[in-house]
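Next, two complexes with subunit A in common: one pairs it with subunit B, the other with subunit C.
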Partner chain A sequence: MISAHAKESFDRIFRQAARTRLVTVPGGVCEIRPLSDLAPGEAGLADTHRVAVLTISSLSFRLLIALHFGDDPATRGYFAGTGEARQHADAFMEVANLCSGAINQALVDYFPDLGMSTPYVLTNGSVAHWRELRAQHTAFYALAIDTTVKLAATLCVCANAPIDFVAHGTPVEGTSGELELF
Partner chain B sequence: MGSYVAALIVAGLSAVSIGWQRTRRRRAQARWQAHIVSLEAHVQRASSERDAIHAAELARLGSEADAREGGLHAALEQARGEADAARAALASAQAEIEYWRADAARLASEAQRLRGLSATFERWHEQMSSLMTQNHDMHQKNQELSAIVSHVLIVSLNASIEAARAGAAGRGFSIVASEVRTLASRSQALSKSYQDSLDRNDLITTATFQDIQAGGKMIVASLGTLGTLAAQLQSKLEQAAA
Partner chain C sequence: MAKILVVDDSSTVRDEVAGFLRKSGLEVDTAVDGKDGLAKVRTSPGLKLVISDVNMPNMDGLTMVEKIRGELANAALSVIMLTTESSPAMKDRGKAAGVKGWIVKPFKGEAVIETLKRLAS
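And then the complex of A and B:
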């Protein structure tokens, strides 16, 4: 139902969005490593971490983006400075919203009818049940921003119609102002 | 005498000469007269021919003019018919444009009205938030229950230890403590299972709500585009009708 080209395109779009939107400090680098399964431990996250969840819906599919983030000092300091736990979650939701917005912007070239939800924070225990979504395509990633901030990501695509598209290498302006190609 | 004869001869010669000249003049006059008659006849013929040609030409021109006039009448009638048909077609097209304009106006109005669906999506959002708050409350209660069960488990363990210390007198109490520990263990397992169900419920509820929310935004955006297109169509039709 979801072609190999479409899966590769979702992967490229996510990587580009993560590199340009999750990095909030100019000159920062986001390393992205694919995982074979949902294994936040492999990404360096504790079992008690939380997950910012967003959904992009179209006429033929819905894409659930789950960005796993810890409450460790490095992550908290990177996204919320010296803020409290609540501020940390809010700050990360804003960044997650930007990342999802970039994915939405890239997808709208191929799917003109799209809508994006507001973010919501869940526990890792909730997202562990991702199989309940019965997604046709799922991808897992370990992310490291400047090697110190450890994140993980889960993409679930639930399709109700065949999906086949090829995302072209359109340059997207990043938050740091530099242009990247994918 | 001689001079008289000579004078007679001269006079005779003169008379002959004059007679010859008169004869010659008469002949010349006769020739000229004949020539003039011939010319007059020629002129007459030419005039007759010219008149005939003129009459024929006039007849031809008259015939052509009649034919042309007939053609012009036919063309005029045809043009009149075409103009009437064009007027009828224009009136029909204007009526159709008016009908389309009314339809476009209805479409724009309907698209505008349906944008009110966003209020419905907001209502769903509130209900979803309420549902998630309730789930959060159930998580907290379950955690509290889990803490109580853990405490009961510890108490039952302590009771078992105390019953063992009491020896034979505590045998009955040991059985009760063991039973309580078993119940606490079962409660703990149930609490974990309940926690698991709540977690799963959180994901499904969130994913479903977000799909509804994002789908709602997609519908509202599409209706906005539809409304804009309908308004543009209405404007074009109004310009065309003007």
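And then the complex of A and C:
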């Protein structure tokens, strides 16, 4: 139902979005390593980590984007500076929103009917239930920003119709930040 | 009295955008979603510019703009959307509602500040 080309395209789009939107310090590097299963521990995350979740929906599929993040000093310092726990979650939700927005911007070239949710944060306890989504395509990643900030990501694609498209991973920077006057 | 209203459910974005505008010498108020934004527009006759997110809980940004235009059809109030959304369909809905402009996040203040100052004057 989801072609190999489409699975590769979701992968390319995610990697491009992660590299351009999860890195908030100029010159930073986001290393991305695929995981064979949903195992955030392999990405260096503690069992107490939380997950920022967004969905992108079209008539033919729903894409769940989950970014797993910890509350360790390196992660908190990178995304929220000296902020409190609430500010850390809010700051990371906005970064997740930007990352998902970049995925949305890349997908809209192929699926013009897209809609994106607002971000929300779940505890790690929800992760065990995701298999109930019965996604036709699931991908897991370990991410490291400047080697010190450890994150993980899960993509789940639930399809309502055959999906086949080829995205070439064009940079999503485009006209971001520019004011388009009507 | 504030001339600009920043509407976003993310406190991170509100702090970033409002902070930048204040440092640029502008008077700014904030709202946490479309419902809050609509209430502040109704009670702030001196507003010149609204900068709003699209995807927000309680009331989204485009619904807020449609309600503003329905109630204040002749108001000299410009609305700019600041959002991760970039689809032509979404922009068309914004144009139909009277949105003046569209910025795809992330916000790069230096690139747009002169236009924002003009719209807020």
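Methods note: the second predicted complex is superposed on the first by the 171 of 182 C-alpha atoms of A that agree within 3 Å, B and C clash if a C-alpha of one lies under 4 Å from a C-alpha of the other, contacts with A are read in each partner's own complex, and residues count from 1 in each chain.
Quick note on the criterion: a residue touches a chain if its C-beta (ideal position, glycine included) is under 8 Å from a C-beta of that chain, and two chains touch if they have at least 3 such contacts.
In this text, all values refer to a predicted model and were calculated from it rather than measured experimentally.
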item	value
Which superposed partner A:22 touches (first subunit B, second subunit C, both, neither)	neither
Touched partner set for A:132, first subunit B, second subunit C, both or neither	first
Which of subunit B and subunit C A:142 touches, first, second, both or neither	neither
First, second, both or neither for A:105, with subunit B first and subunit C second	second
Partner chain in contact with A:117 - subunit B first, subunit C second, else both or neither	both
First (subunit B), second (subunit C), both or neither touched by A:167	neither
Partner chain in contact with A:94 - subunit B first, subunit C second, else both or neither	second
Which of subunit B and subunit C A:157 touches, first, second, both or neither	neither
Shared contact residues on subunit A - subunit B and subunit C	113-114, 116-118
Residues of subunit A defined as touching subunit C within the complex	21, 87, 90-91, 93-94, 97-98, 100-102, 104-105, 108, 112-114, 116-118, 174-182
For the subunit C and subunit A complex, residues of the former touching the latter	9-13, 55-57, 80, 83-89, 91, 94-95, 99-108, 111-112, 115-116
In the complex, subunit A residues that touch subunit B	53-59, 62, 64, 113-118, 120, 122-123, 125-130, 132-133
In the complex, subunit B residues that touch subunit A	132, 195-196, 199-200, 202-204, 206-207, 209-211, 213-222
